[in-house]
Structure formats: structure tokens, C-alpha cells
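In what comes next, chain A is part of two complexes: it sits with chain B in the first one and with chain C in the second one.
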Partner chain A sequence: MNKRQALSAVLATAMVASLGVTASAATPVAATELAYTGELELMHYSTLEESQGNGGSDGFRTVLAAWQEAHPDITLNENVLANAEYKTQIQTLASANDLPDVFLLQGMNTKAWAEQGLIMDLTDTIAASPYYADYNQAYFTPFKTADGKIYGYPVLTGGTCTVVIYDKAMWKDAGFDAFPATWADVETAAAYFGEQGIDTIAFGNGGQWQANSDFLSTLGNRYTGPEWFQSLIDKAGAKFTDEAFVKALTEMQRLFTQTTIFNEDFNAVTNEDAREYYISGDAAAFIGGNWDWSYIYATLKESDPDKFANMGIAVLPQPADADKAPNSQNIGLGYAVAFNSNLAEDPDKLAAAIDLAQEITGPAFASYVAENYALGGLTKVADVDLSAFDQQTVDFYNWSYVDTETCEIYDSYINSAVWSILNTDMQSMMNGELDPATVAANAQAAYEENY
Partner chain B sequence: MHMLNAIRPKNRTIIAYLAIPVVMFVFTVFVPLVTALVYSFFEWKGGPVKTFNGLSNYIQLFQDGTFWEAFGHNIYLVIACIIGQVGIAFVLVMMVNSKLVFCKTIHRTFGFFPSTIAAVCIGLIWNMIYHNKYGILNWFLEAIGRKDLCQVWLNNSDIVMLLVTIPLIWQYIGYYMVIILSAIASISTDIFESSEIDGANGFQKAVYITLPLIKNTMLVCITLCIAGNMKAFDNIYVMTKGGPGTSSMVMAMYGYQVSFGQSNMGYGSCISVGIFVLSLLVIGGSQMLINYVTREKEAA
Partner chain C sequence: MKNNGTHKLKKGFLGVFMNLILWIFSLSCIFPIIWMFYSSLKEKRVFNADIIGLPSEPTLLNYTRILSNPDYHLGASIWNSARTTLLSIAMIVAFSFIVGYILSRVRFKLNRVLYVMFLMGMLIPIHSLLVPIYIVFQKCGISNQWFTLLLPYVSFGLPMGIFLVEGFVKTVPVDLEEAAAIDGSSFSHTLWTIIFPICRPILVTVAIIQVFSCWNEFSFALVLLKDVGLQTVPLALTQFKGQFASDYPKQMAAMLITMAPILVLYFAFSKQIINGMVAGAVKG
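Then we have the complex of A and B:
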């Protein structure tokens, strides 16, 4: 055996071994008898790279593989793209009326696409699901229209979009046993950290969406309460120019322009850059979403056990002039499995699609992500055994699903045009170049024109 | 002649071969142009439903402050890049062609290098240069004792256009250098030699001999430069996404944002048509201007 042959033998063995591992790790799905044979198109963004470390993606791919194995007569024609590309491409396909059979629908597109007859009304199908009793009903809201029709099975894992991650040891040195509950206290701490040459909180808004998803969505709720946003979704009278929302924008501008809390390049770097400031110790805390938490968790666990042990989490501090929901964080499922409305023409194919949707959002998925990642999805799992997890994971699970009040993620709703305009303006506002009243007025104009 | 005819393929064959690129060109250039023109008269917000709305997209375009701000940024890019890319390239070519310079091939090769790198990578490289914590620019300012000048470069809306233009200039100098070098190579050396005997210095040779003789090539360079910068997108997208706010927004990026970020395909198509028309106007206008200026000189 020459070198090359030896190498290929080793590789082949490794491949077989890895196949064995995958097969044994596969989660059993319900083996429903399906009449359909042939191709079924599926477009999603759980890429192989994404699934490494991301529980939701890993669970999605695992259950999908199990479903495929259970239904060998159906050929899944998968189109898998990274999230940013996925969003652009699905938008283009929708415009061309050429959506795949099964795909992931973003909450804010539900209303427009339903009105144009692109997506199938799944209200009755969902109600008839064998797992219906275990569904977390609140997750359906972004995929409902005003008349109560539901257009998708919320998919992947429910995660917060606004969590403060902080270094307990650094904050103890600054005189705080836990992360401050008010911005006033954070400002006090900022004076201390400033002397040390450390940023108090790292934040990255280079992509323009972060200030909305990872900050304003929760901060706004502290001023307006959930009814205001619900009214905005229902077009029941609330306006972006309402005093409470403008106050939230004003506070946001004050925090970013008049205090020294944040890294000065918050508008030029992304969340990926900003979390590195926290990891390297250049910042004492970081604000981001659950995906940032997963990244920081995985990185510190491997590279810095001491800092990992000091990792704490908290809700966004409360502003002095806000009087609502101080313990709230925005959490939800941003995407749902939805069907091309043309699927109705082929009942057998539709039945296969429904079975697929129910399995990748059902108990097989929920158990997998609960057992392996301490995460939750659409289907509730009774008695999640957290004993096998480390303290950080248990804390984050309880913080996300048990101990905090929840509020909506703004950009899961309404319309991409409104958020695109608000996000662009907000970036200028956070530089002090645009006043909150103008930002609110522009957002309101976009809302009236597009929604 | 007889020989040529003997090996000359049949007309049918020639047409068939030519048809392939022509069809590709029609489908990738003309068809999208025409469809964009058609869609620009519709309200089309990301679905199969399109409603004819006449000229209202165009009326909106005329009143859209962001679009005209972006157009202004494109014009800024064009002017800065004509001076920066073509101008500096000409000066560098003169220097490389000088008798005092050794290793001319190396200068040419390395000068051309940046234009072979993808614009996205260029954006990332310059992002690192401008980075306020880890960037070489702030590090240098600190090293020479001017910490007061350090700042978050790409977040300064007053100079952000300049900062995103510098990488573009840097990237394409070599590209124009190669074009200008090849034009100069075609000038007979006799002319330079006789001018040297007459006592012309380097500057005089450049201005009174080289420049008039490569006038047409310079025109091509300027046209390429304008066309390239009217559609600028990728490196700005990587560096600032048009921000902060709309401070570095260019037309193509605005069209992209409206079409895909706001899923407003109708208005997005209208913006594309706007970019096309404005680019034609700017290119046509600049050529007329150059022709006018040079004709005056010849007459004088």
C-alpha cells in the first residue's frame, strides 16, 4: 500500500465512522405513510457551517435527515443558502411568483405575501396537527394576518434578540454585584471603566439592523408597553410619532451620544466585531442576540475558562423616565415553515409537505435541541432535564424561557420598507445628526405608505 | 485572395458563431434593460401583483432626496477618481518611463496588482486600515504623537465619502497605468529623441508631446472611469453599507436597498433606469466637454 492508498483507506474509514455517528444520532420522526413519490423543493438557511454550534440549525438538519430517511421515495430538492443570501433570494423568487414548495417565511413578509396569494393559508392544517396541543401559541403571532389566518409553522429555536452579557468579575470591581437594573447605574459604572480605558458596553450597529433588533425593540417596550406595538401591527391607531415611542428614541439617542457607555465605533463595527471587544476584555459587557451569546459561550469555553466562569446575563437596564415592563426582553421565532400556494393542486404532495413541516417543528426537533443545547422551539417539551448542562447554559435557558417577561421583536412584523428606513435614520440619529422626532415622522410616513 | 476565400467558412457558419455572443449579450444586457423600463411604470412590492401606476415612480424619483444625494456622491466619486486614478496613473507612467528608473517591469506588475483583487477584499483590507482600535491609520497617528487626530474614521459623515474613495483610487491606478503605458509604447522614440536634442525637459515632454499624442487613449480612460464609478457598489457595501445614515450612499446601492431591502421592485427598477439615463448624460456630457476643450486648443 503506498502513501496515497493508505491515506484514502484512513479517510474512507473515518467517513464510514462519521456516517455511523450521524445515523445513530438521528432523531426518530413519526413514520407517517405518505402517498407522494417524487421531488419536493425545500429552501432554507441551515447551512452545514451554521449548524456547527448553532442548536437550531443542527436540530433542523438532523430532523430533516431523519425525515428523508423515513421517506426514501420522496426526493428532497434542497436549496440551502446562508441567511443574508437566503433573504435576498427568497424575496426575488416571491417577486417572480416562483417560490419553492416549502420554504422559511420571515414574519414581516407574512401579510404582503398572503395578500398576493403567494403562501398557503395553514390555519386548519395547523389546528389538525397531532402536536397542536403542545404548540407554544404565542410563537404564531408574526405569521398571522389581521383576520386570524395562520401561514406557517414557526421553526428553529426561540431565542432572545436583546441580552446583556457581562463579566461578573469586572463589574464586581466596579462596585456592582450584579448587572445594574437602571441606565443611571450603568453611567456611574462607565465613569469607573473609562478610567481603566475599558468600554462599559460593546455594541455594533454597522449593519444598521442591530440597533433595531437588539436594542430599540426592547427599549421601546419599556416606554410603550406591548399594546402599542400590537396596535401598530393591527393598524388600530398607534403611530411611530406617538409620544412614548419618541421618548424611547430620545433616550436611545441620549445613551449613544451623551454618555460614554458604548464603544465609540458602535456605528462602524458589526455585532461580530463588538463581541470580540467583550471576549478580549476591551469591554466589560456586550449587548446582542442569542446568536452572539452562543458564539461568546463557545469561544470563551475553549479559550478562557476564567472569563467563561464569570459570564453573566441580564436584561436591558431600565431608563429613568420609562415605566413599563422593566424585566422584559424580546424573544420569538423569526421564521416559519410556509408553503407555496400552488401546492394545493397536488394533495399528495401537500400531505408530504405538511408531514415534513410538522416533523421539523415537532417533538423530534424540540427534544433534540432541548437535550443537546437546552433550547426550545414551537413544540413544548415536558420536563427538560438540565442536569447535564453547565451553569451558563442553565442560566441562559431559565433567563430566556422562565424568569423574564417577553416582548415582540419589531422586525418580525409589519414591513421591510418601514424597518429599512427606520434603521438607516436611526444610525444618523445615534450619531446625533438627526433628531428623534424626524426619525419617528419618517418611519410613520413609510408605515402609512407601505403597510 | 483566392486562398482566403478557400479557407473562409460559409456565411451561415460565421453568423451561427456570432449569434452565440450576440444572443448572450441581448439576454444579459438588453432584455433586463427593457424589462426594468417596463417594471418602472408599475407599483410592484415584492410579489406577483403589479399595478400600473404611470409616471408616479418617476415623480417620486425626482422628489427623492436620498436618490439625488446618492447621485451627488457618484459625481464626487467620478471627479475624485478621474483626478486620482487617471491623473496619478499618468504621472506614475511618466516616472516609470523615465531613464532613471530601474526594474520597470516590477513597477508595472506590482502597480497592476491591486486591480486584480476583488473589490470586496479591498473593502475588507481598508476596513482594517481605518479600524479605530486595531487599524494602522490610528496606530500611525498615535506613533507620531497626534493621538488627537485619531477617530472612528468610517463613522465621520463629513469625510466618509473621501475615505471610501481612497481604496477605489488605490485599486485602479495600476489598471489605467497599463492602458496608458501601452499607448505611450506606440509613440515613436524618434519624437522623444529629437525633443531631447531640442532641450525639452521631462515635464515638457509629458505635456507637449505625450499627452497630445495619447489624447484618444486618455478619453477612453476617462470614459471607463466615469462608467465604472457611476455603478460603484461593492467596496462601499462592504465598508459602510452606505452609512452612517446615507452619508456614503451611492445610486446603485440605493437601488439595491429599495429593491431588496424594502422589496419595492417597481421603484427599484425606476431607480435603475434613472442610473442608466444619468450615466449616459454624464458620459455624453463629459465627452462633449473634452472635445470642446481640445478643439479650442487645436484651433488656437
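Then we have the complex of A and C:
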């Protein structure tokens, strides 16, 4: 960012801060007076379909509509695409140096786009936000560069990517009052469930990303601890070939190839198929993300009240040779509201963009998703009233945000080319076709080449 | 007599076997459509529990949800696709005919060079051109307009069209044009009233191939259009897919709705289409 752009950013921030915010009765967003009138481009992936049952997307659309209503002089030109298509188009726009005014930045693009000067440094702007004190600082990590600069307001909801959902009654019959804390106990249970003709845990890795996001990120942390991954992000010396990470891969391969814990078709079916095994009672547990929990919750509540009442949640069991963070689960925000660096040339427009970013990540959004979905976002909500929710939702909220230790979601960082190679190799590894050392070496080669 | 009977039996068995194979091939083509139809009558939960089974309680809920919600803008996307496809086809057919004819009949110095250059268009993967084309369109101010897609669709449709027409025109006797010239017919009159009707089978083939290509095209539409109101059908269909989950029955209902214009077109012109395909296969 040059001096002129930096000055514009500071001025725009000061303008927004000095105007103050006044709560509006008509809308949940703060009705800030904005000097800008005209068009503001916004690109995101919260389609109508995405928002149905997805608290983050629903909250995003709701607060966005309220912001538009509060600022009728600003025409928001929305370009809304489904997530996969969004990622393709935003990459093309970045390649052509034609990013929209405001868009959602994926964590793994932060470093490269910042280096190319495509996105605006928002460090000072974020620090000047009226909601700064309530921001969950840990969520900024994917959008920071090594020099500490921040390039986005983390957006949508931070839900877990690795949760074990289990049927308490089935596990009680197997001799466990709660879900086992170690894989050794799960293997004992697998012998019992095998005799019953049901799978112990249902898992679906048909899309390849599930093994990474919903399993390895947490399992790896149990072996390496968070410092190793931070070092990998910072290019500070950690390697995929480090012994601790290879041990995590080795354990993963053992669990999927040498035990009978998982459904045989885990590499062919997706998480959407695998969770049906759990719902239908063909599996005693399921491993997936918060989106799977929401689906299972809604389905069982409607179709099977007994099974719904027996729905329990747990962290990934601890491997015998792992010694770190046994109560951890990976959680975070993969996208942030970011600005085209050219926006600095128009301070009024920039002020409008800042206001928009602050509102769609601020208390209006956080309250909406907490009250309606028991989910959390960037802005913390004090004393969330969970009294309106059933026990399952309250338990899941506390498990996600209060009772567990958090770790990072691997593929929110680094580079998609690296994860693409690791995910493909991992699928082969889980079939027993590749050894963990080779998988690690290939990932390291991709890391050195692309990051 | 006995040999004759054995021969008939063998022939009969062979006939049954061949028919069986054809039935299997036909069913493999038709079944996905049938599956899409009855799956669109299921709710998401029922579909996810059993993706192949018939619906126990068929419902039109997916159709009513799609058609009653303007946010899905399927009608607008069908109109956008139809307009872009029809205009593209008209231009591809007209330009392919003229260029193909000239390359086939008129001898000039760079004739073969030009022909090869056109054919090169079939060898270039469009994904490698997405970013450069986007930049050019953006600099020229012609991206994100209702006519934006016409240029790439026509450009990438022409090589195949020219290749087919050029080959077809070679099979048309030159005597026809010479006789017309002797009778006083002008070049353009001969071209449009004599050669064009003769080339109709191959032009129908070109049109058929390009209709499906333009209607289904995704990459250029994704990159060159930003306005939701300009989205074509393939782009509009992506909205039924979520980041972590998809509502497949609703997606299938939407696909069937958007397939309707193409199906109507196919049934309306099935005779010409089949004739055109056969002509293209034999003479192209």
C-alpha cells in the first residue's frame, strides 16, 4: 500500500469512527451516516440455497439486507455464486487485477494477494473498529501475513470441522457410558459392533477434502501441537516430513486400513452419504463437521425422537502415541471480508465498505446467529441466551466454544495446490496404496514449489 | 433341412443378442433421465437415504419451491441461454457456410494457411484462454453485457463448423455452379439459392452440435458475467449446490425445468436432426 492509499484508509476509518454509531430500531445493524452515494460491488457465495439451514449464510444475507435498507443511497451490486464457482471466478478476477470492491477472501490466498498488492491492508482499520474489543482475535490468523498485517474481517460462523456424533444408547450397550477418549477403546468397541453387523464410525472421504478438514487437522495437532503448523504457515522451518506429522499420517493409515472401525466404503462415499449410515442406525457414530451436525440434528429431530434424544458429541479420540491437546477440535473462519486495494482512491466509498464489513461481521450478525442457530462469529456475544434452545443445541454450543481447546483448520491456510496433492495422496494412503512417508514427502515438495 | 434349421436358430439367437445389447445401451442413455425425474419427486432426506429407490410418497414440492421463488431466476436464465444460443447458432452457421465454401472452392495463396489457422481453434483448450479473454473483454468494456458470450461462442464454434462445411462442399460437384453461371446466376445468387440448400444437412449437423455446446457452456459464462440477471442456465443451476451439502432432488427438478426448451426443440425437429446427423456422419 502506498502512502496515498494508507492515508485514505486512515481518513476513511477516522470518518467512520468519528460519525459514531447509533442503534436503529428498524434494522439490527448500526445506522451509520455515510457520505458515499453510488454503487458498491460485493461478491460472495451466500446463495439462497446455501443459507437454508446454514446459520452463517442466513445471518450474512439477513444482515446484508438490513444494511442495504439502512443505506438506500448506496446500490449494492451483488455477484452471488455457489462456493466452488465463487472460488474460480475470484481467482480469475485476481489474475486480471479486477477484484470487486468488497469480496470474501479465502485464508490461503491472503499471502499471495497481499504480496501482489491486490488487497488492502486493514490492520489500522480493524483496530479502529467500534467492535474491536469484542473481536475474537484468534480468527484473524489466516488473514495475517508474517509481518502482522491483517487483510480481512473474518466472516460467517466459526463452527467445528471435526466432531464425533454418536448414539449414546448404542455405545452404552457396547459398554461405554460416554464416547471413548482413546482409539484403543474405540477398537474394543469395534469388535462388539462388528458382531452386531454395524459400523462403529461412519466416515465419508469421497470428496477427498473430508480426510483433511474433518480428521487430519485435529489428529495432526495431537502429534505436532499448534506451533508446528504456525511454523509451516510462517515458513519458519517446519516441514510436512517432520517426524511428528508423519506419525499422525501413520496413525491415520493404521486406523483406516488395519482396524474395522470405519465403514468399508469410506473412500468412495461422501460425508452426506456417511451421515445417513448413522441416521439409519447402520453406524454407531459419525465424524464430520458442524454442517453435518446441523443436518443430523434436523433430520433426527423430525424423524426419530428417540435417536435424537440419544445424540451425543465428542472430540476425536486420542491416539496412544500422541501427547498433545487431547481435548482439541479444529475450528475457525475460512473467509474474511476484504477490499480491493484500489478502493483507497475513493475515501467515501472506502468508508462505506468499512461500514459494511463491520456490520456483516459485527454484533448484529453475531447476535442473529447466536439467537437463531447457537453459533458464533468474529464478534463475541456476551451472555448468549441459550434458554430457547433444546439440550442438544446448548451442548453443541458449549462444546464448540467453551469446553474444548481449539486448533487450526489446515486448508484455511497455505495454498490449495499443496492441499490438492496431500488430499489425493491421503486417499491412496487410506486405501493402503501409499505409505505415510511418501505422502509427507510429496506434500513437502508441493509446499516448497507453491508456497 | 437340419442345417437350415440350425442356421435359423443361430440367426435368431444373434438377433436377440444384438437387440439385447442395443436395449442395454438405450437404457443406459434413458435411465439417467428417468432417475432424475423420479428423484426430483423426492424430498432431500428421502433421496439421501436411498438414492436409487422409487419415491414412496412422490411430491411436487421441489418444483413449486423453484418456480415460486424468484430468487432462483430460472426463467431469466432460460431466456438468457435461449437468446445467446440462437444468436450464436445463426452466426456460426452463416459464417461457417461462407468461410467453408470459400476455403473449399476459391484458390488463393494463403488458403491452406487460413484453413489450418481456423482448425487450430479446435486444439486450444479454452481454460488456458479464460484469463486473457477476460482481460481483453474487460479492457474493451464488453464483459458483463447481454451480448458478451456471443463472441467467444461464435469464435470457438467456427472451427468445427468450417471443418465440416469445407469437407462437405468438396463433395458437391462444381458442375452445378458452372451450369448456374452459364445460366446467368450471380455468385451470391448461386451461393444462397443453390449451394446453401444442398449444404443444409451439414449445416443442421453444425447447428445441432453447437446448440448443445452453447446451451451447456459454463466456463466463459462464469468468468465473463458478473450480473446475476445475465446468468445462463448452467450458471443458475450451480446455486442449488452448497459448500458442504447439496439438495440433489431440487437440483434435478431445476435441471428438468431447464432441459425443457431443448427437449421441445429436439422433439419438434427430431426428423431433421436425425437426417442431419446421418448426413454429417456419411459426408462430413
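Here is the rule we use: the second predicted complex is superposed on the first by the 424 of 451 C-alpha atoms of A that agree within 3 Å, B and C clash if a C-alpha of one lies under 4 Å from a C-alpha of the other, contacts with A are read in each partner's own complex, and residues count from 1 in each chain.
FYI, a contact is a pair of C-beta atoms (placed from the backbone, for glycine too) under 8 Å apart; a residue touches a chain by one contact, two chains touch by 3 or more.
Bear in mind that the values here come from a model prediction, so they are computed numbers and not experimental data.
With both structures lined up on chain A, is it a clash or a fit for chain B and chain C?
Chain B and chain C clash in the superposed model.
May I ask you to decide whether A:E50 touches chain B, chain C, both, or neither, giving the answer as first, second, both or neither?
second
Which partner chains sit in contact with A:T299 here, chain B, chain C, both or neither? Use first/second/both/neither.
A:T299 sits against chain C, while chain B stays out of touch.
Between chain B and chain C, whom does A:W113 touch in the aligned arrangement: first, second, both, or neither?
Touch partner of A:W113: chain B, not chain C.
In the superposed arrangement, which partner chain does A:S428 touch: chain B (first), chain C (second), both, or neither?
The first partner, chain B, only.
After superposition on the shared chain, which partner residues are touched by A:I279: those of chain B (first), chain C (second), both, or neither?
second
So, does A:W291 touch the first partner chain B, the second partner chain C, both, or neither?
The answer is second: A:W291 touches chain C but not chain B.
State whether A:Q253 touches chain B only (first), chain C only (second), both chains, or neither.
neither
Could you say whether A:S95 touches chain B, chain C, both of them, or neither, answering first, second, both or neither?
both
So in the superposed three-chain picture, is A:A84 touching just chain B, just chain C, both, or none of them (first/second/both/neither)?
In the superposed model, A:A84 contacts chain C only, not chain B.
Give me the intersection of chain A's contacts with chain B and its contacts with chain C, in residue numbers.
Comparing the two interfaces on chain A, one with chain B and one with chain C, the shared residues are 88, 92, 95-96.
Show me the residue ranges of chain A that touch chain B in the complex, using the header's touch definition.
Where chain A meets chain B, its residues are 87-88, 91-92, 94-97, 109, 112-113, 115-118, 206-208, 264-265, 267-269, 277, 282, 416-417, 420-421, 424-425, 427-428, 431, 433-434, 450.
Considering the complex alone, what residue numbers of chain A touch chain C?
Contacts found on chain A: 43, 45, 47-50, 52-54, 77-85, 88-89, 92-93, 95-96, 98, 100, 271-273, 276, 279-280, 289, 291-292, 295, 299, 302-303.
Across the complex, what residues on chain C touch chain A?
45, 48-49, 69, 71-72, 130-131, 134-135, 138, 222-223, 226-228, 235, 238-247, 250
Given the complex with chain A, which residues does chain B contribute to the contact?
Going through chain B, the ones touching chain A are 44-49, 131-133, 152-155, 157, 240-247, 257, 260-265.
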